[in-house]
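Taking it in order: structure first as structure tokens, then the write-up.
Chain lettering (A, B, C and D) follows the sequence in which the chains are written, and residue indices restart at 1 in each chain.
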């Protein structure tokens, strides 16, 4: 059993046209930069991408949109992205918008073997249309199903050869949830260490959820909204 | 806002006869020793206790059983405990046995605001009797409801004045789940530090879930099955 | 004179209580953090996975791994904790967050809120707003009383697609502070120099005026 | 000669494959850890919150915070990870654990298992067994073929309260290795010196004997 692969190209080698893939990150924070670049190089297309956001025009998932590799986005917020908007309006791109907590919880459900979960988010709104509703203690909930994805691609701060992962600050976000939810989970990390190099009490994603791991290179870690204190 | 209390007696001051309380721990590992001792001193009775196990005759929840303080136990396994068995057979004590994963998940559901969850555990067995069943992808699941508890009492390794908690090794078990599930959550810790004394990336229970915290004393940490290597 | 955005934030800050865990939405709500009253402590939650938001970083100290839900670079305070998005919305759904402040395009007299979608315009998504409004124990809306055309945004019924139903508890606009009650918007305070008549005129939904209405003071 | 408990464990260990994550129940299953074949790596899961169980500690090195699901003091291996009980059963329910080995009082020819309750006796509880059998992709039962009275424990129908239905895939007893198939127990191997007739006699449920049955070798 060896989970360690050489690089992003090897990690994503078998991702195919039409696959459903999850990509961790919130905005441009904690996104799997190396794997996105490899997916662009590979040119795989007709992908369904489950990711909270869709990147910006020239970074993150935006790079895959530029190459018309994405058939459908499942996201909670698809911000400032002109190419995204163009493809959406022209009908080239399908978009399914779902509440952010529902997105997170549907990943959790997959990782925890729960086929569906109840959430109040969207009750009484168009999000509830066509969905099964149920009342608990007088409050309305939607039944939301666990995601199914061929691949989950996540970015962590540190990882070990067993696939254990630790995230840094708010770069954690959806990464540990998607790591649990993929049929095959690929992790790129800033620092890859040997087994025993991480504190077992501080691991966010146990290695059982991770199938392939590699140490990424040349992280740009672009900041979307640089904001500083007035002095 | 000050979450820090002086000791266990102050922490459990308002627990009343008939309350539903959750107690963390697996076997005798990671149990809130100080609070159990304080509950025995206070003599509060007719308690419903949600805890994976019921302690042994002279330690853990067993101490509360000796004083006839427990009306009902909700557990997955009630091991070697003669007084427990006596009270059960005599009808003094009610016991509801539920699968361990269901116990854990019903705590998680409470902490995550999910009114109910689906689990396959117990399908086709007497555990499913009277419960709502539902099939997802051809597999049978039981609908299990989130726990409601007046108090959750947990034991952590380290905690800070904000109520953030870190557990050690397998003493984690049900503690972080119950910490999220109590209407009021009381945490006893081996080491209480100031805000800023814990690594924010390594916190298992964020302080928002914890209402009272104190540094416990005189931990015995009894071992139930001392097992060593044959040399 | 109508309140400035800063004054709306300042007025909302008076609703904070010691020990509150608070989620502040993007825009005016974010400004509330600048006006936390002396002597009380609140902990700010960011739904992307943080309890304990600190001030914006000093120039040059920006950390790309540390952002708020508006994707702005931030810092943390001592005692902060990071967690994943499922736990973040878990604590929101479980009612552990004491107060949510967010903006709105429209609010109805029943407390319905619309703030995510305008038909005919590019829809960017609801982000975490639907989870927040469906779950929060206490929601205060920060908004301008009327739209740029001068039309009321406090309505009998929302005309825009809803974000959540019967969830808003209190509204602070540039003109007034109002509670959402079973019988409609209840006027509590006026902005300095704003007449009850002006508020009546600019409130399309049912407005209750319980006698004398004090002016806000800052 | 019937297998010893150690030999049952040793035979089960041959089912392990490189990279397997395995949950071993209390009793005979725990012994499987002693016979992991050379050249393959398996990671042992403990449902109280650990991946990467190591050997029992040396005398004097026992750590009360570090126990297995049988409440025994243990150690960890490099690369281990701790987690809470919800995640532990989450990974079990999600099918991430490749193999579960557990004991049984009875198994039916349909793969039903009973191992938690005997009517009339003090019931200690199912612990994690119901979650494991309801969720595991692959379940091997380690058991003695007959009870102390000599009665078969491999039955047409279980007589004891069930732990799970149609879940057992393979059984290793002191007498035989059997697969649970759609048509009943399929005999795969015999213990050294044990005849097919003896196995037939001691198997109450439907037994399929597909021609020559090899003896196990150790």
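Just so we're on the same page, contacts are C-beta pairs under 8 Å (C-beta built on N, C-alpha and C of every residue); 3 or more make two chains touch, one makes a residue touch a chain.
All of these numbers come straight from a predicted model, not from anything done at the bench.
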Most remote chain, CA-based centroid, reference being chain B: C
Interface with more contacting C-beta pairs, comparing A-C to B-C: A-C
Rounded Å distance, chain A centre to chain C centre (Cα mean): 29
Euclidean distance of C-alpha centroids - chain C vs chain D, Å: 56
Rounded Å distance between chain A and chain D, as computed from the means of their C-alpha atoms: 37
Chain B, residues touching no fewer than two other chains: 105, 112-114, 119-120, 167-169, 172, 200-201
Overlap residues in chain C, where contacts from two or more other chains coincide: 76, 82-83, 86, 89-90, 92-93, 135
Pairs of chains satisfying the touch condition: A-B, A-C, A-D, B-C, B-D
In the complex with chain A, residue positions of chain B that touch it: 105, 112-120, 136-137, 139, 141, 166-169, 172, 199-202
Of chain B, residues touching chain D in the complex: 26-30, 52, 75-79, 85, 88-89, 97, 99-105, 107-108, 119-127, 157, 167-177, 204, 221-231
Interface residues, chain A side, partner chain D - complex: 1, 110-114, 160-162, 164, 180, 194-196, 198, 200-201, 203, 206-209
Contact footprint of chain B on chain D as seen in their complex: 46-50, 55-59, 61-68, 70-74, 76, 82-86, 88-90, 92-93, 112, 122-131, 134-135, 161-166
Of all residues in chain C, those that touch chain B in their complex: 18-19, 21, 40-41, 43, 45, 51-52, 76-83, 86-87, 89-97, 135
